[in-house]
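Two complexes come next, and they have one chain in common, chain A, joined by chain B in the first and chain C in the second.
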Partner chain A sequence: MKSEKLRPYLMLAPVLLVEGWLIFAGICTALKQSLGHFPVAGLNGYSLKYYIAILKKPDFLRSLAFSFYVAFVSSVLAVVLGIFLAVLLVHSPRKENLSNYLYRLPIIVPHTIAVLLVLSMLSSSGILPRLLYVLGMTDAECAFPSLVFDKAGIGVILTYLWKGAPFATFMVYTILKNINPGLFEAALNLGASKWKAFFSVVLPLLKPAIIPSFLFLFAYAFGSWEVPYLIGPTYPRTLPVLAYTYYVSPELSERPYAMAVNIVMVAVSFLLIYIYSKQMTRARW
Partner chain B sequence: MAEVRVENLSKAFGAEKIISGINFEVASGQLLSLLGPSGAGKTTLLKIIAGLVRPDTGEIYFDDVPVVKVPPEKRGAVLVFQDYLLFPHMTVEQNVAFGLTMAGVPRDKRSKIVAEMLDLVNMKGYEHKYPYELSGGQKQRVALARALAVKPRVLLLDEPFSNLDPRLRESMREFTRDLQRRMEMTTILVTHDWEEALMMSDRIAVLINGSIKQVGTPEEVYFRPASLEVAEFLGEKKNYVEGRVKDGVFSCPLGNFPAPQTADGDYTALIRPEHVKISQGGETSDWTIYDVRFAGGCVYYRVVRKDLTLVCAANNTEIYRQGDKVNVSVDFSKAMLFEKKKNFD
Partner chain C sequence: MERRFVNLLLYVAIGGILFPIVVLMLWAFAREWPWPHLFPTGFSVRGWIHLFNPTTGALPVLLYSVMLSSLVAFITVTLSLPAARALAFYDFRGKRALEIFILSPMVIPTTAVAMGIHVNFIRIGLADTFWGVVICHLLPCIPYGIKILTGVFEALGDRIEQQARVLGAGRLKTYLYVTLPLISPGLITASIMAFVVSFSQYFLTFLIGGGRVMTFSMLLFPFIQGGDRHLSAVFSLAFIGTVLLWVFALEVLFRRWVKKGQYFYM
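Coming up: the complex of A and B.
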């Protein structure tokens, strides 16, 4: 009995140990350095002064807000689009074709490639501005609004959207196809319009797909570095890019700032995990 | 409560005809059963009346007003589904209130009606339970309350008792019938269970292979089925005896019986087991008990003679044993004669 219970843990142990060690050791080192204990740079002892310092920096606060904004907007849009596409997919007679091209492809393409795609489509010399120019819809190629390296982070958001929407579609579709279509009919039958039936019956039942895909996409967009680094504006920077700038600074004494930023991101991630598990235990049905 | 009239309703899915040429009426406050084997198109017909499926041809009238073009949410024909379809993320209270919420009924009035409905179906105290916490019978009653809460013009019941265990089924039938009579609710009940249809209905429409074969009161449908098809569907065990009518007399291996106003020709007589009587016989009796099936309230026998086997339902005052010699008498006044279909091949 007891060994049966232990079995899965034992079998997962090799992976868990490596993963756990990497994460645990990483977080511990980051925490230590963020508290100012970094003997290599001649820093000893622990204090909160680096946290206090970054919290006072307008740069940091601007980055924090910008990261939240990018992550929130991109994941909300991805989930909304995902729900829309999943509904289309459920009602589509050619599910197989659609599912292969629509969501498998973006899911396997790495983020850096997605960045290149968005760049080649939307940069001022990209395919879309040139096409619009040829079609006579813009006066000059440079008249196309700048959607990459822009202050509103549209390029970053579009990249996350391109990657995230198929993932959300996939998550929502899996749940949606198992929802009894009779429930929708029952709602109509009791006097709900199609929209009301969708919002009051189908959407709440999709919660087990919506919450995790939103949190997952949010966490990724909040913590990922390469997309905003490659395609984001130089100011404001997202938190990971900010942390990276501190990190690669030739001045080793800058390192604790980088780690303090990292720990803030770790804290946000743990908060998301907490919300996730809380939400998941609530949905008992 | 509305009077329902269905005229010439047809529906096909692709090349497959589901129902065709359906006509029937339900008087206000009455219960009509749509009785038929599975796959006869009963549920499709019910969904068409509810507005969830559009018919290819035909019209439905509620109190003489055509409703086929009225969308389901405005039609007022509420369905209680076979699998109840309670909203799993809502409590009992929210489920029952759903239709009222959709209709924009203010909160205080809504909770009053919900309390009333839950009282009506004996589900007081379950307001805050979720559907997964309820038993089948409780779900059934909540589904009923949810449907009744919106004061439907027509109540549609789709095999509502088939997922319940037998004892509960019986009490839910009684409960539903009682409620329907008290509220004088125009109701259409879909069922494949002929006993249920007989016990619950004011009238029965027998639906076989997508068309209605007979509409009548339970007695009419049981005692005077319009065709052999209908007769076959009602009742479990039957006796078929072949014979010929000539000059108003039906002659068959059981003897000659008067058959006035019946044209000459070959006929099959359908004799229900309860119209076959057996009594203690002697050595000279032709019939022997072949097997005995004791069913409590009655006893089923199969009796054999050299050329014939009959099924008989007798009372339990005297029980015969296998191999007993018995006398058999058939109440031919209750037998049904159906002309034999001629084969032209």
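Coming up: the complex of A and C.
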């Protein structure tokens, strides 16, 4: 009887050990060093001075705001476009057609290649400026506004969008195709407009797909290093790029700043996890 | 009329997603592509020669990388199987908290924990090693394995397994001949996701592997960063092609293992 009770824990043990080890090793070391305990560099004792220091740096605050902006805009757009594409797929007359497979291609393409794709479209030698020139809408290579390495982060956002929208579609599509079309028609019969019926009947049913996709995409865009490093502006940098800059600095005394930035990112992700678990409870109820 | 409109929009959307890849294919065979031409003005296979040339060592890195990520996928699925089963079929104290903890690496930025892991791995001698990279790749891969397999187990239920048990099959036999074949579509999906996530990792590999553990992502990155469009296009296509080939090979292997008609799918 007792062994039966222990059984699920034993089944979970290997995964818990591996993940627990890596997460705790990662977070505890970062926390320790961010509090200024870093004996190798001759730093001992714990204090909050590095957190206070980064909070006073305009660099850090710009980075924090920029990371939030990029993550928020890219994930909202990805979810909206993702829903749109899922609706198109469901309404397409041939359900199991090729489009159903083709749209998923970005899911297996890594972010670094997505960066290359955006560069080949939008950089000053990309396809879009060429098209505009051929159509006579711009008259020189430099006349095209810079959409990559730009301060508005358009290149970064579009990269996340190209990767994220199909992912959101994938999540939404599974639920959408199982929704009883009668619900939508009932709303129409009761006098709702098409838009009204979509927003107040279909969209709430899609919530279990929309919220996790949004949180996941937001978290990824907020915490990933490759994309802003390759296609983002040199200023402002996103938080991961900022942390990395501190981390690889030859001055070991810069290390606590890197770790403090990391802990801020971890704190934001904990907030997202909290929102997710709240949402899950409500969904279960 | 409206159907046509839906189809038109759908084709525009799919076209928008795929168009950059078509441009990538053009770049992969372009010798030069001066502004403002819409098509390359010269044809070249320089990048492909670079890729297949034994002296550049690109192909061995590709094979090494495939092996590393296959291993990561295998370990991920092996560890995730019992865990996903526990989450799908058992009710126990602290289940929700454990579930959230297990899925948390999907949201916790790897960049942020990677540096702490790196410091630790240096201390215990796992930094710059093959196994160090394999272990740290498990962190972003396991949540996908668990999520996919839990869903499959939940959809399947455990009634068929119980029937096998009632009919006299032992635990191991039930697992090997009933459970595994029944969930094989989920096993394939979980392996594919884990493989793709591992194969795509750049930052973790580069930090933990310290440049000693060379994966294909690490070969590709400098080309994109350096701006050699032709070479980066060739290597990107090789990357995508390898993933597709791996997926295809896996499906064939699994289909041979689960012989047609012998088992029924849910």
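Simple rule for what comes next: the second predicted complex is superposed on the first by the 260 of 285 C-alpha atoms of A that agree within 3 Å, B and C clash if a C-alpha of one lies under 4 Å from a C-alpha of the other, contacts with A are read in each partner's own complex, and residues count from 1 in each chain.
Convention: a contact is a pair of C-beta atoms (placed from the backbone, for glycine too) under 8 Å apart; a residue touches a chain by one contact, two chains touch by 3 or more.
None of the values given here were measured: they were computed from a predicted structure.
In the superposition on chain A, A:P236 makes contact with neither chain B nor chain C. By the touch criterion defined above, A:G36 lies against neither chain B nor chain C after alignment on the C-alpha atoms of chain A. By the document's definition of touching, neither partner reaches A:G82: not chain B, not chain C.
Look at A:S125: by the touch rule set out above, it reaches chain C but stays clear of chain B. Ranking chain B and chain C by residues of chain A touched puts C first. Shared-chain residue A:P228: touches no atom of chain B or chain C.
In the superposition on chain A, contact of A:K5 is made with chain C only, not with chain B.
In the three-chain superposition model, chain A touches chain B and chain C at no common residue.
By the touch criterion given at the top, residues 3, 6-7, 9-11, 13-14, 17-21, 23-24, 27, 35-38, 79-80, 82-83, 85-87, 90, 92, 95-96, 98, 100-102, 104-117, 119-120, 135-136, 138-139, 142, 146, 192, 196, 199-200, 202-203, 217, 220-221, 224-225, 229, 232-233, 236, 239-240, 243-244, 247 of chain C touch chain A in their complex. Note for the complex: chain A touches chain B at residues 180, 182-183, 185-193, 196, 200-201, 204-205, 207, 283-285. Per the touch definition, chain B reaches chain A in the complex via residues 47, 50-52, 71-74, 77-79, 81, 83, 85, 87-89, 98-99, 101-103, 130-132, 146-147, 150. Of all residues in chain A, those touching chain C in their complex are 5, 7-12, 14-16, 18-20, 22-23, 25-30, 33, 84-85, 88-89, 91-93, 99, 102-103, 105-113, 115-121, 125, 127, 129-131, 133-134, 141, 162, 165-166, 215-216, 219-220, 222-226, 230, 240, 243-244, 247, 258-259, 262-263, 265-266, 269-270, 272-273, 276-277, 280.
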